[in-house]
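Structure record follows, encoded as structure tokens.
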Amino acid sequence: MIFDLANPSQLMQAFGPDLLLMAGAMVLMLWAAWRPESHEHQRAVGMGALVLIAATMGLTIWYATRGLSSTLGVIAVDNFRWATDLICLLGAFGAIALSIEYNARERIMPAEAHVLVLFATAGMMVLAAARDLMIVFLGIELMSVAIYVLAGLNRRSPKSAEGSLKYFLLGAFATGFLLYGIALVYGSTGSTNLVEIGQRVVNGNYIVHPMMLVGTGLLLVGFGFKVAAAPFHMWAPDVYEGAPTPITAFMATAVKAAAFATFLRVWLEALGGMGDAWFAPVWWLAAVAMFVGNTVALSQRNVKRLLAYSSIAHSGYLLVAVATGTLAGSAAFLFYLVAYTLASFGAFAIVITVGSTGDVHGNLEDFEGLWSVRPGMAIAMGVFMLSLMGFPIFGGVGFFGKWYLLMAAIEAPRPLTTLAVVLVLTSVVSAGYYLNVLRVMFMKPRPEGAPVVERAGVLTRGVVFATVLAILVLGVIPSRAIGWSRASIPRAPQVQAAAVNAPR
Amino acid sequence: MLVEALALSAVLFTIGVVGVLTRRNAIILFMCIELMLNAVNLSFVALSTLYGATGQVFVVFTMTVAAAEAAVGLAIIIAIFRHTRSVNLQNINLLKG
Amino acid sequence: MMHPAMIPEGAHPLAATVARFVWLLPLLPLLGFLINGTLAMLGAAKVGPADPSAGHDSDDHGHGAAHGHDAHDAHHAPTRHKYAAITSLVGPGVLVAAFGLAVACFFAMRSVDMERPFLLTLFQWMPVGDLNLTASFLLDPLSMVMVLVITGVGMLIHIFSVGYMQDDPGYPRYFAYLNLFVFFMLVLVLGGSYPLLFVGWEGVGLCSYLLIGFWFSEKANADAGKKAFIVNRIGDFGFLVAMFLMFANLGSLDIATVAEKAVELPMGGAIVTAMALFLFLGCTGKSAQIPLYVRLPDAMAGPTPVSALIHAATMVTAGVYLVARSSAIFSMAPMAQLVVALVGALTAFFAATIGLKQWDIKKVLAYSTVSQLGYMFIGVGVGAYVAGVFHLVTHAFFKALLFLGSGSVIYVMHAAYHATHNHDDAQDMRNMGGLKTYMPVTFYLMWIATLAIAGIPLFSGFFSKDEILGSVFARISHSTLAEATLFGVPGGTILLIVYVLGLASALMTAIYMTRMMLYTFHGPNRTGEAERSHLTEAPWIMTGPLVVLAALAAFGGWLNVPELLSAVGPVGSLDHWLEPVVGEAALRTTLGAAPHVTHQTELMLVGTAIAIAVAGIAFALLRLKPAALVPKKDSPAATGISRVLENKYFVDEGYDAAIVQPTLAVSRAVLWKGLDAGIIDGLFVNGSALLARAFGWMGSQLQTGQVGTYAWVLLIGVITLLGAFTFR
Amino acid sequence: MTAFLSSINYNAWIVPVLLLLPAFGAVGLWAHALLTANDPADKRWREVRVLAFAFFLGEALLSLGLWWSIDTAAIGWQAMVDLSWIPQWGIRFTVGLDGISLTLVLLTTLMMPLAVLGSWTSIRTKPHAYYALLLLLTIGMLGVFVSLDLVLFYVMWEIMLVPMYLVIGVWGGERRLYAAIKFFIYTMIGSLLMLVAILYLGSEASRIAGAPTFSYDFILNNVRLDPTTTLWLFGAFALAFAVKVPMFPFHTWLPDAHVEAPTAGSVILAAIMLKMGTFGFVRFALPLFPSAAMNPAVRSFIIALAVIGIIYGALVALVQPDFKKLVAYSSVSHLGFVMLGIFALTTESMQGALMVNINHGVSTGALFLLIGMIYERRHTRMIADYGGIAKVVPIFATILTIVSLSSIGVPGTNGFIGEFLVLVGAYKTQPLATVISATAVIFAAAYLLWALQRIIYNKLDKPANEGLKDLNWREIGLLVPLLIAIVWLGVYPKPLLDKTEPAARRLVEYVQTGGVKAAVNITHTAR
């Protein structure tokens, strides 16, 4: 069916899954505040949150399978939105599953933590739906404010507080730029609706309009910050290290996914006709992110920081998809996002396990000889590392993710062959630290007196097992996932005049 | 009038940015950021004379969000104050490298 | 492997005779090798424990040590090898059988018309593209001569070895190697294509390597073996390149086809000359000519029968055989022929001068061999292929005799020293003297050989040497050689130089051989009081072959009697025999007519040769005083020219300093440590890794933890981006 | 035999089965590890090695039928299987054989059991993982030789890195960590650029075909690009292969990897993995980009590198104090011959190159096995630590001598045939390079004989060597097949040469004519 977004009740219907999550989150919030802090309560609320997420996922899938669409309005009703929703919900599910056990171990009592994850997720879903810069702004803030708090969740940890503060200050700073960018784009085009902007850009001569150019640049800054693309990445390592590890995982995957999804939608629907203007900057942003993320990761000793830099590099890879400016790029983007989310989540789950109580064992030395004490964990971590590296079969779906990105890059109307070469060369650099993790785990003996790695809780193990299984299975038979990501491209109500070609 | 308003907005925004870059006190820093946001609001209001109500609606949103941000931000600053007994950002660098 | 595809070539008359079993010739020694090799392994080997990584159990230490220590004088260990009896039967037995077959083939060949060679194709070897190589044996008069020499002399030496090596712990291994050598040697001379010939060519080099290093516990022996192989390989490189040239220009590597097509190339052209010269490079390696002769004297480190068989009678003459076999190519390249002759003459002269001052009895013989090989190359070089082959045959007789005789001497000396636990050098002539009283049979037999090599009339060496020198002289004018030039020098002049050098070498040959006989057998005995009682004649199994060889050395000349001496025997038997093979090529060199010198000139030449031989012997007898010699340990170090000669002109040292050490040094310091580890690995590989790390380190240094820094970086990013957007 | 094989429809299933069996094997070993978790380590070790060997042996026996079932003279792929894999991208599971890949597949399947036997007693830590990794490695290696889809090829090409990385890094020598990571990253640089080139080719092919495809046959027959692009793509492929071969100057990973790898690792590296590089040139780089390969500048450049590799490898081998490193550098030299033979582009040299491929696998594989055996006893690879051991270990000494002679290329052994054919064929088109390369016969003799002398000859003067035990029956047994191969291929190489001849000839003709489609179709389009 086609939602008429001018009709408030239909607009509400089009918001269905988002509303379900928000409403459920508020109920849980009340329940969380109802009882005094305790582990049982924390756990119960967490489980409730998991159920809620599952329900939302179900509803989202139901929406997605009905072939819905909408008239032109503030939100989009297309498969790209549902796909992004699902990835974010998956991330939230994983984060809460890990949090339940992590928080218990680290004595983080507030049950509201899980609810905050739900609120952040709601923000992401809004972002995924946004087809108006106003909604984009709202979604970003809704997501970010919750994440600022989540990053500082561990009140006993000065690092956690510091990370939270840094994220907050720099995030607000970047929001300023984003907002100014929105204002300038609005000022030059007279609209905040993406599709309308897109049409005006195509019809008018905005390519030489200074206000529009500066506005676009500032939008790029804002999104670049949220997705942690160099040189707007400086906050990421510190915040990732300081935040409780499940939240780090959440930030590295779901937050990034939502921000990127919006980024991509804005770029395709609103700025598609300005390709000449943003092509070079995005190209360089991608290249710099890949280079900086991968090289700096080489000198990291802390695995969480290492993964943070790796996630910066992955932002660079995903920016390649943005740079293509094609629908094929968006399909590649979604596919890559799935691969990346799975591997990152798994990796952080292992970091949690090895970290032990107090999260004190996060350095590479603590992974030494992991194979001899926890072979399953070591092998799983190996798979995650190889997947992030983009290695075929043993790295599972990671390879096909990179493959898809490269294919989109090479087949773009403006071929990105050089950027593809940069991508593979920086991937070689990335092998330097991913393999180092393998080396430490498999080839070094477990040092004398090294701390005992406790057996992880059932939820953590579940996350690890599920991600490994998904990575490996999708690494051998990826066609379903490819089909899904190809079907999940942004579809604007009116025909786009921007240069796009059919995805493969 | 529009041009002047936009110019003022840009100047205010720049002052905010410079403040963020130069000040070391977390609270003052945050106030500079608020300045940036309000500068943008000025732009929105000015532009809405050209394009109608959208800009003004946006300003309302922005102010609301800024208020929420302020609440969370101050809470975070208090949290860090508990640990370091200071809100000077130069003393806050446990995380680096 | 051998039997499936034996296709008799057309209807060659030999196909119906015993010659169709010619494939058995090499197979017999191969069989011997397999049997003896198995026995050697069975005797020496003790199969290890199932799990070698388990720690050593100390019980076994003693065994290994006992096995290893007496390496120095191992070949006089008291106990015989437990399989010695079988080996003594099999080792020489296969050679006897092979010789019998060879003789049968010979008579079969005599009875048929040998206008074209008998080609026996065994199987397809390398059927690749245009190169349709088959494994085939080529039996023609030339290979027949070689087969007879190899199996005949080889058989005698095998029999001699039964006595000489009887107490050696490596007895079966020795015969295995020796059999293998004969196998490869037969492949060499029977090979129907150059690559197959090359198989034998390298195979004999391999066996030479194994046999020189037979007593490998002594570093010098192992060194000598390795040196022999590597120097040989330098020659083999030449052979290989020659084959490339053949295949690229003639399109085939079959000996017959190559010979057919080579004559279609332009006479004296670059290609055929290069082909000939590269082939000759191969010969210098195998046959110890300048500049690759250095390996042969060292090769005497092997057991003496080996020196006799490989380094005197057969393997080292393979080069001569190759030139004769490739006569078609050489005859098309007069310049190359001049090079061959000149190198041969220089080698003959040069080696002879060194031979004058050697004290080791085998070294004297070694340099003598080098010198005589030079003679053969003079012969084949000037296109007198028959003369060269003839000298090859006679040389095989008398040099084998000399070596085996010296072997008997060494055997006896060694036994004496062993009995008294003396560690003096059993091969140094200064420690010998007056042995004729103790070893009369050896003494007389060796004198026969000495006279033969010196060129005393009616002994075999006289005929062959004379024929070579005569041929050189005859070609000084009216031949393709005389018309060619080498480095601007007319061929006639070069041939004259060759002739003079040949005469000078003949003189020196007579001198040093006489010197050797004098110091060894004449004068007072310098062995030592205690040892003297142990000196005695060698056993019959060793002297027996000597007698046969002496007869051959004495009467071998009858094979090819010159017209001048037609009274002595049938004229030019070998000439007739080899005519189908080399006749055409020889005629090409002499411009189609048989070389002709007047009767007077011929008489004069013969006279000169005789005079020189006699003069040399007389000079040595008069000048040298065996009585004045003192044993090695009491001898003063040589000085002046003697020292230079005694140290072989320091050529080995020169090669070492000029080639070996620089190669090693450059490889180690420049290529390995410098280029490999330094530049490629250090600069590029580790360097780029380091560079990436350096960038990473810089990036992480920027990550100060200060929010202010972060904001600044962010702002710089903003400004850059906006710049990129606005100033495109 | 042929009738029997066709009656069981052998060709239809053999290749997928060969690729799947090791995977089942790995799972089987894993199951064994789980089921026997409480058994004593020694018992588990004894069981798992037998189990692993059974799988390798089964693989070898299964693959033997290919010798008869593959019609190498026929135009087109044999034992071809073509299944859909990722339809959206046109990636298919297409596998098939011709004469060239047949020999390499058999080399792989036959060498693997020997490699396993070679580490029968030396690998005791974590044996399950060790053997499972070797099994996984087999899939990758076989896959490279049979893949007829560029993406499938790339996947196979890459996946063997991880097992090898772990084999070197976990069970290797002292500097194993450095060697392992160097091996991995070195190889990866080349292969990732090849990935981009494959994508580019695929996108061109898809444009022409109107549907996505990465089919080797289709690209071979239809994709014709402008010269500059062709050169770039050729360069990307060539780099990947050159690193693997390894050609000078991309060879420095090899000595480290060889030296530090455990015996089986070295054997597999030398005998099989290096061949993947040369195979890559023969199967992909040359036929896909004939114009680039025939470009005089490119060709001279590659031949120059090959010749430098031949001489350089030999000279550096000459001065190595470590025997394993010496053999590693000798590999650089030998593989230089292969490259010379391939790029000389004559039937003889191409055949020779394929022959050297096999020979090097046999001889160098055997050398590494022997080094492993003596290392297991004496725990040193330094040449200077040995000397005169022929006295105490005569069987070892004899076999080492024979194998060394084969590696030197003494006629009568396999080594000679290959090198001779390469040189004699290459002379026709590259006379100067050939003559220079031929000097390597001297250096080869020098470095190996010198090493041989210092190891098994000379005086037995190190007390530690006196107690050395000779080879046991297992070790002799595993070396005997290699010795037989050395002699057999040296004396009667015809069966092997016949297998590769049609493919080699067609390839040379195809490339020499610059890939003119009409001239010769080196394969058919099967679909």
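Note that the chains are named A, B, C and D in the order they appear, and that numbering of residues resets to 1 at the start of each chain.
Following the convention adopted for this analysis, a contact is a pair of C-beta atoms (placed from the backbone, for glycine too) under 8 Å apart; a residue touches a chain by one contact, two chains touch by 3 or more.
Given the structure is predicted, the values throughout are model-derived calculations rather than measurements.
Taking the mean of all protein C-alpha atoms as the reference point, the chain centroid lying nearest to it belongs to D. Rounded to whole angstrom units, the spacing between the C-alpha centres of chain A and chain B is 26. For the pair chain B and chain D, the distance between C-alpha centroids works out to 64 Å.
Averaging Cα coordinates per chain places chain A and chain D 43 Å apart. Note: centroid distance chain A to chain C, computed from Cα atoms, is 78 Å. Of all residues in chain D, those touching 2 or more other chains are 185, listed in ascending order. Counting partners per residue, chain B has 17, 20, 29, 89, 92-97 as the residues that reach two or more other chains. Within chain C, contacts with two or more other chains are made by residues 689, 700, 703, 705, 707, 711.
Which chains touch which is summed up as A-B, A-C, A-D, B-C, C-D. Against chain A, the residues of chain C that register as touching in their complex are 689, 692-693, 695-697, 699-700, 702-703, 705, 707, 709-711, 713-714, 716-718, 720-722, 724-726, 728. On the side of chain D, the complex with chain A involves touching residues 85-89, 151, 154-155, 158-159, 161-162, 165-166, 169-170, 176-177, 180-181, 184-185, 188-189, 192-193, 195-196, 199-200, 202-203, 206, 212. For chain A in complex with chain B, the residues that touch the partner chain are 134, 137-138, 141, 145, 148-149, 152, 155, 158-159, 161-166, 168-169, 172-173, 175-176, 179-180, 182-184, 186-187, 190-192, 237-239, 241-242, 299-300, 305. Put simply, chain A touches chain C in their complex at residues 165-166, 169-170, 173-174, 177, 210, 213-214, 216-218, 220-221, 224-225, 230-232, 234-235, 237-238, 276-278, 280-281, 284-285, 291-292, 294-300, 429, 432.
Listing the residues of chain B that touch chain A in their complex gives 6, 9, 13, 16-17, 20, 26, 29-30, 33, 36-37, 39-40, 43-44, 47, 50-51, 54-55, 57-58, 61-62, 65, 68-69, 72-73, 75-77, 79-80, 82-84, 89, 92-97.
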